[in-house]
Structures are given as C-alpha cells and as structure tokens.
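Letters A, B and C mark the chains in the order given here, with residues in each chain numbered from 1 onward.
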Amino acid sequence: MPTERDFSSWTMPTVLLLSLGMLAIGCAPGQPTGQESDANDTTTGSSADSVPEEAVLKVASTTSTRDSGLLDVLLPEFEKANNCRVDLIAVGTGAALKLAEAGDVDAVLVHARSAENRFMDAGHGIRHEPIMHNFFIIAGPAADPAQASGTDAVSALQKIAAGKHRFVSRGDDSGTHKCEQSLWQKAESRPDWDDYIESGQGMGPTLIMADEMNAYVLTDEGTWLKQSENFQLVPLVRGAHDLKNPYAVIVVNPAKSSAINADLANQFADFLISRRAQQLIANYEINGHRLFHPDRLQRETPE
Amino acid sequence: MIREGILEALQLLLRLDASVIDAATRSLWVSIVAVVTAGAVGISVGLLLARKRFPGRSVLVLLFRVGMSVPTVLIGLLCYGLLSRRGTLGELELLYTPTAIILGEFFLALPIVATLTHGAISRLDQRVFETARTLGAGTIQRAMTYLREARLAIMLAVLTAFSRCFTELGIAMMVGGNITGRTRTLTTATALETARGEFASGVAMSVILLSIAMLVTLAIALLSREAVEPVS
Amino acid sequence: MTSPAQPAARSMIDISDLTVTKGGQTICHVANAIVTHGSTVGVTGANGSGKSTLLRVLADIETGYDGKCIVDASLKDRVFVHQSPYLFNGTVLSNVEYGLKARSASRSIRHEKAALWLERFGIAHLALRSVESLSGGEKRRTALARACVLEPKLLLLDEPLADLDPEGIDCVVRSLSKLDASTILITSPSPLPVDLTQATITLKQE
C-alpha cells in the first residue's frame, strides 16, 4: 500500500536528477560570441574602434501591429541587410510612446497620429515618417439590429447610439480607441449607455469579447482578419474614409540618452520608406486579403 | 516613478476615487468568495487525503501539489474554454462576469488549501489521532479535532490562498475582461494603466492593492494570536 | 506470571504467545497472561521491555502482532492513556468532557461527571484553565481524569504515576479505586504501590 514514506524514497533521486539536468542546460554554450567580446575587451580606448559586435535596435510598437504579422516579414529583412538584431517591444500605444519618451527605445512604430504629433511637438522625436495605412472596420452581429451596415462610419455609430445597442470599446487610449472617440464626437453622441462596454484590453481580447457578447465593435483590419474565422460577428462598415488608420515610424531624440542608437534607428526609418519595404507592405496578405496600403510607393502598383 | 505612484495612491484614496473603490471592492469580494468556497472544499479534501487511505491517494496528493504551480493564465484559458459560448458551460452566460473570476480563482485557491491542509494534518503528532480514537470520538468529532489542532497552519493556508487570488491577473483578465464598472479589479486596472503608459497610476493601484493585502494579513495574524501556543 | 485463574468466569484479557516485531527486532513478548474482569494489574519490566507496546496492542493501536490476544471488550470500551499524554487545544474541562461528548451525553450529565472526576483528581480549580499553562503533573491528572470519566471496561494507563508527587500519586490511587467495575492495566518501570494492584505481569527484554 503506498505510504508517504514510499513517496520520498524515489522523490529525492528524481529531484537530484532534474536539478542536474537543469544545471546542464543552463551551462550549455549557445549565446552569440558578440556578447562575450565585451568581457574580453581589454582595450581602454573608445569602443568605437573595437570589433563591431551585433548591433541591437530597440523598437517599441503596438500589440496590434505585432499581431498583424507584418513585422515578422519586415524585421528579418532589415536585420539581414544591416547585420543587426531588432528587439521588438509590443505594448499598448500609450506605453510605447512612454517608453520612447523615456529614451528606453530607439524608435517607435505606432498609429495614433494626434498623439504622435504631440510627441514630436514636445521634441521627443527627431524624425517622423508616415509609412502605411489601413482601415478600421466596424463589425457587429449578423442580424445588425442597428442597421449600421454601409460605408459611413459616423452614421453607423449614430444609429448604434440611438438604439443603445451593445458596443464593445477598447477603452484604453490606444490608437483604435482614439479613432473611436473622434468618431463619437463627429456623431455627436456620448457613449454612456449600459450596453456600452469598455474592455480596457488589447484588440484581440476585445474582439473576442464582442463576439461572445454579439456586440458591435471597432477594430483594425489586421486583427480582424487574423481572428474572425470562427466569429459570429460580420464586418458591417468597411473602407469608410473616416476609418483611415495611418502608421508612422518615429526616431527617438538621441539627446535623451547616450544608449540610443540614432544611426540604426534612422536606417530603420530609411528602410521602412524604401521601395523594398513598401513593396513588402503592399504584398502582405492575411487569408488572401491585402492588409496595408503603403504610403511611400512612388510608382503606381496594380490594384 | 515609485514615489509618484505612492503620492498618487494617497490622492486617489483621500478623494475616494470612484473607480478605485470599485476595483478594490471587486477584488476583495471576488477573492473572499473564491477563498471561502475553496477553503471549505480544500480543507475537506486535505483532511481526507491525510486520514483516509484509498487507492490512488498518493497520485491525488501529487496532483494537488502540482496544482499549486499552475499559471493563472492557464487557469484563465481553461475557464474561458468552459464558459465561452462554444464551451460546455456556455449557456450559463458567465463569461465576463465577476462570477467567472470567482470560478477561476476557486481553482487557483483549491490546490493551495488542499495541499497545505493535507501537510498540516499529516504532520500532527501521532498521539492526536490515537487519543481522539481511544476516547471514542466519531468521524466528525475527530475531523473537528484535527482541524483545531492544526488550525494555525490551516489559517496560514487560507491566507496564502487569499493572497494568491487577490493579486492574480491572468484569470481576472481572461474570464473577467477588465470591463469598466463590471469586472475591473485592482490587478487588471494596474495592467490597463501600464498599457496606457501611465506607469505612476499603475504603481498607485498596486500600492493600494498591497495595502489591502497587508491589512488582511494583519487581521488574520491578530485573530490567530490565540492560536499561537507559547513554547512549553 | 499469571494471576489466579477463575475457571468459571470469562477473562477480560487472554494472551497466549504474543509477539510484536518491528524492523526485525522483537520489541514485546508475552508467553501467556490472563486478566480477570475488574482486576487492577501492574505491568512491570525494564525500559524497552515492551510494556507500552503491550498496552498499545490491547488498545488496538498496535495491530501488527503474532499470537493470540483476546479482549472481552469492544473498542469503545477500551481507553488508553499515553505515557506522555496529549491534551487537546482548549481548557481542562473541554478535555475532560471530550469523550463524554463522543458518547452524546447530555450537557448536564457531562458537567456532572466531569465535575466529579475533576474533584477526585484534585484539579477542579483548574477546570477553565488553558492546557498550555499547566504543569507536568497537572497535565497528567487532566489526562487521567479525561480517561476515567468515561468509566471504561478496560483502562490502559502507560506510566500514569510518572512526574507526580506523593500527594498526586495518592490522589490517582484513590481515584482509580473508585473504578471497581473497570479492568485496569498500569505500566511502570518501578514497582507499583501494593494496595493498587492485585497482580503483576513482568516483561523481560528479549
């Protein structure tokens, strides 16, 4: 009959084995030698003359940008071309700009134009380059009780407000949320009825919530395309002019900190507006849908 | 940032900021209900595991011990799977309600209480069991006696479970949804402030959370003062 | 050593070639012993000769043994008191009433019986004291009162006279004599008072 004592007779050797295993894994060599050359560098001269280790570019961006998958295509290209590594920190829009303001990152890639303008006006960034744009869409229940379907975002919201239909908002001061707020302003309605729900979360969870609650929601197209396969919700307002969502890259002011890699950040901005990157952006698709519209492509591309 | 956070926390408290009070009471309510129910079940389970022999007992003990290490995000995910419209309990429409958070935190607290109660009772002096039995105590009287003899350790188990529930984020976020005025807790509010870039506000929320946790810990310590036996 | 056998009555305890082994060692061996109902028997022997073990076997706490050991009392009628008794969290009174509660005695009966035995053991003045504040002797008398109040058919006391002063020993002897319906077994490393026991079982270390 198993007793507590039987337990401990094989627990000890197992614990020992596991500890040894973990120790072994921990001691295994594997980091790129670039990191170790720091420790071995005995020269007292300026580090600019030493052998170039792998350069790192710290970029802050939003979770929806990361979730769209576009950066998984663009960043490796840049890394290869410039022999560097990009550390992407994906957080909320507000946090991304805050990190840039604090000088903790070299560049920031967001889609919140008014916040970006304030950022530049305050002198936190030295370069601002529009890169691409896409559109928000308003999705909602298939039955569409508010009859919001159409191409006019403002009138859609007016109808939703009039009927006090269930609407899920991000409520987190993100680019999406700010766009939503400006639309409510244009629609001259204040969203404060019981069924107006603020999730305080990212786009993904907010969409899931809207789907679970069968509610209307304003979402960026990237997240929508990625997640909506099994949704009950359907897109109702698409391609509306006032749903434009522009993206830009900002090079953080190097005066903030000596650790800021302004050169590499500028190269990053150059890359994003280059033909190569713009073409990659134009061709990027999710489930057969083109997601972004490049802003800096000189020649007319078909479609 | 931390100093600003503490100052902001004081300001929020002094002017009785409505959203903070809302988040704080919700955090408290949800954690307390979860811990009370998990406590009742967990203490019974711990008692059983310690005193009753049955096939598979050591496997159960192991499972509950491992259960103490389950990440809250995982519990949140599993509960979401249960409560989602497409899930088994979807019809109950519990998703994004405080009840859903209570459910998740129940599963967070249960292994903690069960395992620590089992440990506490197993470690009781053998004479406790022999004395209770020889004096003729029935099952219930014996159970009550063991709990009373181990009550300090069991109280600590409940306090541990409460602390874990009160400060968790993964469950509240996933199945609660951080909805303003409905399912926002102190932890999800902190996450939101952080995502917004309002780091000082995030710290403020956390300071308030820590203060409440400290008050609860003190309260339990005072209540259990009688339980502390002087070294004889 | 056996007590004079009563051929007509059934004995309370009938032991024949009882052996208890732990880890390959024989820790207790009794060739044969018969204890009649109502008698008080001492169990003596050097330390380690198995006195406590014998009592534990009789109390059904120790269940692994070889040989014959027949006890004419149900489990509920046997009460064992440890060499170093454990008192439950609470007061002297709550401890003494513990077994009575198990037998669903009514409040008034519990109170009455507890008061009686507290008085007999000379600890009535400690009734509402917390057990943590008691001296060694007071704890022992509480444990004994807790057992005696149940007036069990078979009372098994493991070294009940240890850490008691002569007055305390006197108290215990007088109280135990009140239990004339009970069969009492008392272990002791040294010889017990003559007026206490009617017979003695002596254990030798194997």
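We adopt the following convention: contacts are C-beta pairs under 8 Å (C-beta built on N, C-alpha and C of every residue); 3 or more make two chains touch, one makes a residue touch a chain.
In this text the structure is predicted, and so the values were computed from the model without any measurement.
S.K.: Using only Cα atoms to place each chain's centre, name the chain farthest from chain B.
M.R.: C
S.K.: Identify the chain pair with more contacting C-beta pairs: A-B or B-C.
M.R.: When B-C is set beside A-B, the one with more contacts is A-B.
S.K.: Could you say which chain's mean Cα position falls nearest to the mean Cα position of the entire protein shown?
M.R.: So the chain sitting closest to the middle is B.
S.K.: Distance from the CA centroid of chain A to that of chain C, rounded to the nearest Å?
M.R.: Chain centres of chain A and chain C, defined by C-alpha means, are spaced 77 Å apart.
S.K.: From the C-alpha centre of chain A to that of chain B, how far is it in Å?
M.R.: 34
S.K.: Distance-wise, how many Å sit between the C-alpha centres of chain B and chain C, to the nearest whole number?
M.R.: Comparing mean C-alpha positions, chain C is 45 Å from chain B.
S.K.: Note which residues of chain B are touching chain A in the complex, please.
M.R.: Within the complex, chain B contacts chain A at residues 53, 57-58, 61, 84-85, 95-96, 122, 173-174, 177-180, 182, 184, 188-189, 192, 194-199.
S.K.: For chain B, which residues count as touching chain C in their complex?
M.R.: It comes out as residues 125, 127-128, 130-131, 133-138, 141, 145, 148-149, 151, 227, 229-230, 232.
S.K.: Can you list the chain A residues touching chain B in their complex?
M.R.: Interface residues on the chain A side: 1-2, 4, 6-7, 91-99, 171-174, 197-202, 205, 209, 212-213, 232.
S.K.: In their complex, what parts of chain C are in touch with chain B?
M.R.: It comes out as residues 59, 61, 76, 78-80, 82, 84-86, 88-90, 98-99, 101-103, 132, 146-147, 150.
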